[in-house]
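What follows is a pair of complexes built around subunit A, which joins subunit B in one and subunit C in the other.
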Partner chain A sequence: MNFPTKSRSVLAALMLAAFSGTGAFAADTITVPSEAAVPVAEVPADAIIVNIEKMKYDQPELKVKTGDTVYWINKEVMPHNVAFKKGVVGDEPFKGEMLKKDQAYSITFNEAGSYEYHCTPHPFMRATVIVE
Partner chain B sequence: MALSRRATIKDTRLLGLCATSFLLATGPIMVQAQESGAAEPVTATATAAADGQTEGQREAAEGARQLAAGEADEPIILNAPKPDARRVYVQDPAHFAAITQQFVIDGSTGQVLGMTDGGFLPQPVTAEDGSFFAQASTVFSRIARGTRTDYIEVFDPETFLPTADIELPKDARFLVGTYQWMNALTPDNKTFLFYQFSPAPSVGVVDLENQQFARMLDVPDCYHIFPASPTVFYMNCRDGSLARVDFSGEEPQVTNTEVFHTEEELLINHPAYSMRVGRLVWPTYTGKIFQMDLTAEAAKFREPIEALTEAERAEGWRPGGWQQTAYHRQSDRIFLLVDQRDEWRHKTASRFVVVLNAATGERLAKFEMGHEIDSINVSQDAEPLLYGLSSGTQTLHVYDAGSGEELRSVNQLGRGPQVLLTHDMES
Partner chain C sequence: SRANAASAPEGTDPRAKWVPQDNDVQSCDYWRHCSIDGNICDCSGGSLTNCPPGTKLATASWVASCYNPTDGQSYLIAYRDCCGANVSGRCPCLNTEGELPVYRPEFANDIIWCFGAEDDAMTYHCTISPIVGKAS
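== the complex of A and B ==
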């Protein structure tokens, strides 16, 4: 049950998706193209990727440009996700879907800034996306 | 019904206690009380107080004597006696039920002195000097759903009335099987520290003097809280070190000790810690015991000792249970729950307790407890009692900590009692 922790941008994205079939919603800090995890085969060949393996995000500090979409791919059977504390991408905390092995989750960063994230069940797994 | 003369009238909250202890008496008691009352009313009290009489028998005899003497029944609210070193608190997490209970027991007599209600997985603490006890608790607006409220509650140790109710920030508490040292009072009893797991490791600071939540402290990936001074505590970190956290200033100052155990040496969730002397006693799954002396300045590591002999380990002896470790400060003794078990049955009950000299690691005794025991603790007086709690039978067994002889037991302690706390108030 995710509703209490969903950020408004995700709810907005979901509503847009429901109406128009696209998740693009450029006014928010982040946009989530798909709320559900997707198979790794659907990740574009030229995507910006953070792999998750051995209880770690493989890029502790990833630098991207405004508007870039980052894909997280879980390479192991231990489930992981991407979550932001409240105040990072909005007033409410944000909790991405849990990824099983070979599943991916993407987030588009619409504003410059430093976005620290963690894995919900593994708070010791932490990393940052720096958007320039 | 017999009521203590030291009782004072407060409210109706504790009235049930008298009835409870009365009901615990068994059938033949009434007959005996009547007989002694009829035959020799003047000496009934003395007869009832003799060895071998249960509390129910004593109270029945006293009631019969009062009736015979024409004394009227004056129902009142009882106070518990002043806390002493032999008072023991039995926390019942009740297998993750939404509400819970704590039983307060006189270890010397095995009498239930009173009870406190708690919410979901509350964390109890006791002031070492006996001046109060408290708990961090969680309730919801619709029993187990709806709006969640986390709070700290402080109790008077004699009336059991709440003297403070301090609300915590939203979802601040770590909801987990009750680990004794996941919450702690500072040695000056002015601050309550509680652990938060998600979204990031942090420690909540509650100002008990001004009865208000103060702040959350960001800490590294570390667990448990062992206060060494009013503003310094230690934690056990994922990387195998201890973290020393000094929160006297605006930003907590964190320093890490050396790594003191390997990744294969699994430290259990229930270390023993004597705040009075700063001794931390931390067994692994195999019974290897790490000891540290924590001061405000630094942690000093002692040479690890083995609770089990090589021969025992070869025969499958391992620690197991819930609160598996106890430390007696005055005599510097360690008590550990052990039994023969598979490596991955570390949470099943044990039937034995080994006693060690903490300074030398020498085996002092191995007690057969006679029951399936999940948790142990000791009173901190000079002639300590060893408490052995069975979650399965909801019974507290009280032993002489020197001989291991079972002295008495207290049953009907909730659904699944698991945690034992005492006051370290005997100097």
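== the complex of A and C ==
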């Protein structure tokens, strides 16, 4: 017998569905210089950096100034990203590209406020950027 | 049920230790499929690392460290689902090397990993097995 079945848990999917968003994004609160992940070599030497390693963001609360650009760098093989729930940076949820090892993703914060973010496939990975 | 999705080939012991091979991508014991749950995309118009035409590739995924018998190295495989079409029904497999319960979602393969697919597609069609890096 060869049943074309697949019983991945829809409940589990729903549990994580809250954390899914769509890629393309443009809003005033944040600007994304590059939708695609960039090699770590392209990160400026004086950049504000959040490293991602061992299933966590190394700066749970990062304080920056309005207009600053934050670079996230994935230091491990496990893919990670930066995602905001609905209402944090706009009416729609925002989901950044997945980063492989030694790839970076940057976001410029244009408005003061507190921006809590998470990793799409790893919702227990959370941190905040506080823009003053 | 999951048991149906991955019935072991006739004459093999489904409980025996998983023995990977490196010559047939469409077989459940291909080394990169060490933690696949669902259907191999190569059997429905996709490939080992590409979705079939008309389906949407998810960005998020679960992962596993799979041992390659050819070079003796282990690689991290990011099992990304191709979504937005009904399940292919071809080459069903279920392997769970290093798989963990759903409270450790990064290694849980029961989840429908369609997050980030275009058009918010959440219907499972098949799974690809791309390498994302070398596992230690």
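Simple rule for what comes next: the second predicted complex is superposed on the first by the 105 of 132 C-alpha atoms of A that agree within 3 Å, B and C clash if a C-alpha of one lies under 4 Å from a C-alpha of the other, contacts with A are read in each partner's own complex, and residues count from 1 in each chain.
The rule is simple: a contact is a pair of C-beta atoms (placed from the backbone, for glycine too) under 8 Å apart; a residue touches a chain by one contact, two chains touch by 3 or more.
Predicted, not measured: the structure shown is a model, and the values here were computed from it.
In the superposed pair of complexes, A:P93 makes contact with subunit B only, with no contact to subunit C. After overlaying the two complexes on the shared chain, residue contacts for A:T29 are found with neither subunit B nor subunit C. Look at A:N81: by the touch rule set out above, it reaches subunit C but stays clear of subunit B.
In the superposition on chain A, A:H118 makes contact with subunit B only, while subunit C stays out of contact range.
With both complexes superposed, C is the one of subunit B and subunit C in contact with more subunit A residues. On subunit A, the surface patch touched by subunit B in one complex and by subunit C in the other comprises residues 120, 123-124.
In the complex of the two chains, the subunit A residues touching subunit C come out as 1-10, 12-13, 15-17, 19-23, 55, 77-79, 81, 95, 97-98, 100-101, 120-124. Of all residues in subunit C, only 1-2, 4-5, 7, 37-39, 59-63, 76, 78, 87-90, 92, 102, 105-106, 108-116, 120, 122, 124, 132-135 touch subunit A in the complex they form. Against subunit B, the residues of subunit A that register as touching in their complex are 83, 85, 93, 118, 120, 123-124, 126.
Residues 197-201, 221, 238 of subunit B are the ones touching subunit A in the complex.
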